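Okay, structure first, notes after.
Just so it is clear, A, B and C label the chains in written order, and each chain counts residues from 1 on its own.
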Amino acid sequence: MAEKLTIATTSLAGCFGCHMSFLDIDERILALAEVARFDRSPLTDIKHCRDRVDLGLVEGGVCNAENVHTLREFRRHCRILVAVGACAINGGLPTLRNPIALEECLQEAYRDGIGVENPQIPDDVELPLLLDKVHPIHEVVRVDYSLPGCPPSADVIWAFLSDLAAGGEPSLPRELIHYD
Amino acid sequence: MTRPTFQIDGKPVTFTEGQTIMEAATAAGVYIPHLCHNPEFEPHGSCKLCTVKVNGRNCSACTFPAADGQEVLNDTAELNELRRTITQMLFVEGNHLCPSCEKSGNCQLQAAAYFLGMTDAHFPFFYPRRELDASHPDILLDRDRCIFCALCVRASRDVDGKNVFAIGGRGIDSRLIVNSPSGRLADTPIAATDKATRVCPVGAILIKRHGFEVPIGERVYDRHTIAEESLEREEPIVEARHG
Amino acid sequence: MDRHEYEHRIINRIVENHGRDTRQLLSILREVQREFRHVSPEAQQKVAQSLGVCITQVSAVVGFYSFLSTVPLGKFDIRISDSITDHMLGSREVAAGLCRKLGIQPGESRQDGRVSLSFTSCTGLCDQGPAGLINGYAIPRLTEDRTDEIARLINDDIPLGEWPEEFFAIKENIRLADRLLGNPVRPGEALERTVALDRETMFGEIETSQLRGRGGAGFNTAWKWRFCYEGPETAAVCPPGQPAAGIERYVVCNADEGEPGTFKDRVLLQSCADQVFEGMTVCAYLVGAKQGFLYLRGEYLYLHDQLEAVLATRRRRGLLGKTILGSEGFDFDIEIRLGAGAYICGEESALIESLEGNRGVPRNRPPYPVTHGYLGKPTVVNNVETFFAAAAIAVHGGEWFAEVGTEKSKGTKLLSICGDCARPGIYEYPFGVTIRQVLEDCGAADVLGVQIGGPSGTFLSDKECDRKLAYEDLATGGSFIVFDRTRDVIGIARNFTHFFAHESCGFCTPCRVGTALLKNLLDKIAEGHGATGDLAELSRLGRFVRSASHCGLGQTAANPILSTLERYPEIYQARLKTIDFEPGFDLDGALATARRLSGRDDADAHLSQS
């Protein structure tokens, strides 16, 4: 048997919707298991990528320093890096904060907002710092493919994986392209 | 007498003197992607999505007059790539969050991008700061999604006779502006029944309290491509105009 | 009288003085701004009311022209030219020095409202920079000493009228005259010959000269005039070859001269205005126009009064007005209209929009201005130099003109030469002259390259000095900027790219968004953050903007990038990172706010760029 395709997945500033959609491929996951094996992923609880991964699926945009490190790890290890879902592709809903200064956001959330107790902007070194804007992943690393949708449907993910597993150049048929 | 004819992608198309390439193509059932054009109004020529090659030169089909013997290229890989670049530019220029937009599924920018196979916006995003105008009781103006097609400008001026909208500023800082001393929509004579509220190809002008009446997934461009839908809608209008 | 009432009265008077004519909106707004140092939203409303137009029409125009401001400018408003040649002469340092001496920041007005300073596109004083404008008036040669004095005058609140005259003295710098500059036309000379000959004979002279437009595109002038005369086919109520009866026609002289590095039209208007007006009047006679316009770029405000004086003298001498030179039915007059800081208004259809009181957005073509121009009527738009040459042709004949030049480019061309050379100024050459010859004449040494035809033209390397200025080889509107080996190719391309992004009118998507993207991408590369993929992207994006844009601005906006990329790929390569990607924004900088607010500065509170 040919070597299995290794897949890593992660969620940056995302809602796990894209991961849920992935699981929506239902019984097709059995077929996938025949040809692929998961590396770092919330599905496997493997914390870091092994040396080389064939395919990295990234959900969510980049909103903090930790996202940047994770994304770089993915780019370093993955031969093919895929932006999965609206948030990875254009920042998604988290970018609603982009037109507002970060200072204003933090003040509102941790100091001046209604119902804030013990007002203080977190300074724990364990917490990743926020970037002043949320960015889609292609603004931080090179990205090979994008799978649009919020989330992309299981069919989209499946079509992409099938193309790839078959060794072809993945391309989404028109009817599968949706941004919502 | 034979009618004057030109070729689109090798297919002969007859036309009436005075028609643009776009009008002749629509009447002949050939879709040329477009956003700022709507056959009910005077052509504008700003989005450039309708770029076609006429005898080897790029021209805007919506403004360029049809002429006998022209060789027009429309559905080519090169032109579709150019058009895809335009839709990508329109996405990065504004703030388009389709998942939270009421127009999603009925939006022509989105549908054109689907049609052109756009899977990402490619360019860095601008994330501009643009003012939202929710002052009017019935109408919402979300400038984040405006693509400067000037259809609302034309509809308000030419059909409603109210001149509610205009495009102001310059270059990348262009903005849709509103005709009232306060600059707010509530202080203009616009009404929800005006033509100007019905022509926005994107979700920049929306009627309030009609959100999500049709579920996502069952909307116009969830069921048809923009090519099918636009020919069906526009062909009769062009026919009525030119007989 | 309270402030509002006062403002209202002044605005009403201004509008009244312009005959409540909406088409003069730009002139009205210029005057409002002169009066109140800005055009406030309230003032816009009052202008709209007085004119009976929508507020949007007024505010759209205010927002379009960079000289109009919605916030108060200083009593002394300084604008320093950002032209590449001014940069090379140290304009940025001069501006920084001035700011220090005046206690302000660029883009700001001082607290006391005395002074404001900002930057502006090329002011057309490239041969005598660093230059700028003070309250709209050109001020050349801004040396360290000069700015000391300026700062003192401003701090002492000395009115501009009392400043030393030499501060505003603009040199002519005509270095080389050939058949046009060497044979000036006496006022009336061309018109006398024109009215003495029949129309066809004079048309014949212009045709024989094979004069082509000097604004850059090089369209045959006789044909343009002929099309205008014969009128649009749709209105052709007349046999071909005869003017369409009852249709008004217009003659417009394009003195917008916004292409950085070009200043020959300024010199012609400063020193030979009579001959330019004479050319316009000859044209009016031939095409049957009664009304003409000189569209003068706002930067040339200093010429306005003296040009009005020339027009007044011509009216007195019967060279303008009714029954010119006693010729029955030959009525023609010229109105001067000032622009307000928008390069795009040099594009002829945008210029016409501006003349009509609108934003300067280029129209869809066809139809062309020559059949559907000002107010939809047949309109000739020609460059200053074109009219200047036409007057000489009317006097000396077409053959005299066509004796020199090349097969497809007859006659002589004025060049505006500036940059790294000993003798910047105006040079007149027969077409066909080599770059080498020009470089030798102007005293250029150690040449890296030459920008021909301004930013929208081509960057030539020193290996191309045998190329010729002529439509057969290098077409040019006359801008000729010399760069020596101390200059940085990418820096030059960057200056030009910023210029186009700033001047894009924003009408069409490819140029509106594309020029902004090009600017950001080139900045990224210039600042050393570019990676391998960025060059391919730059070139792809450049070719896209060139091929998809609506008008000449967008179609040429990528030329500085494309022409330097083609010639100096190794310079761009050397600027790249060896990695395959780097973000276009400053990652560590993006954490600065969060660091400050959390008070953290540990290692995890920082990010490397790649």
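The rule is short, and it goes like this: contacts are C-beta pairs under 8 Å (C-beta built on N, C-alpha and C of every residue); 3 or more make two chains touch, one makes a residue touch a chain.
Just so it is clear, the model here is predicted, and its values are computed rather than measured.
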Chain pair with the greatest number of C-beta contact pairs: B-C
Chain located farthest away, centre of subunit C as origin (C-alpha): A
Distance between the centres, which are taken as Cα means, of subunit B and subunit A, whole angstrom: 32
Centre-to-centre distance between subunit C and subunit A (centres being mean Cα positions), rounded to whole Å: 49
Junction residues of subunit B, two or more chains touched: 124
Junction residues of subunit C - those touching two or more other chains: 584-585
Interface hub residues of subunit A, defined as touching at least two other chains: 133, 135, 139
Complex interface listing, subunit A residues touching subunit C: 65, 68, 75, 101-103, 106, 121-123, 125, 128-133, 135, 139-142
Touching residues on subunit C, where the partner in the complex is subunit B: 41, 45, 54-57, 59-60, 63-64, 66, 342, 359, 364, 366, 501-510, 512-517, 520, 544, 547-550, 584-585
Subunit A contact footprint on subunit B (complex, rising order): 91, 95-101, 104-105, 110, 113-115, 117-122, 124-125, 127-130, 216, 222, 225
Touch list for subunit A against partner subunit B, complex: 83, 86, 89-93, 95-96, 98-99, 133, 135-136, 138-139, 143, 145-148, 150, 171-172, 174, 177-180
Subunit B residues touching subunit C - in the complex, by the definition given at the top: 43, 45-49, 51, 58, 60, 63, 65, 82, 85-86, 89-90, 92-93, 123-124, 126, 147-148, 163, 165-175, 177-181, 183
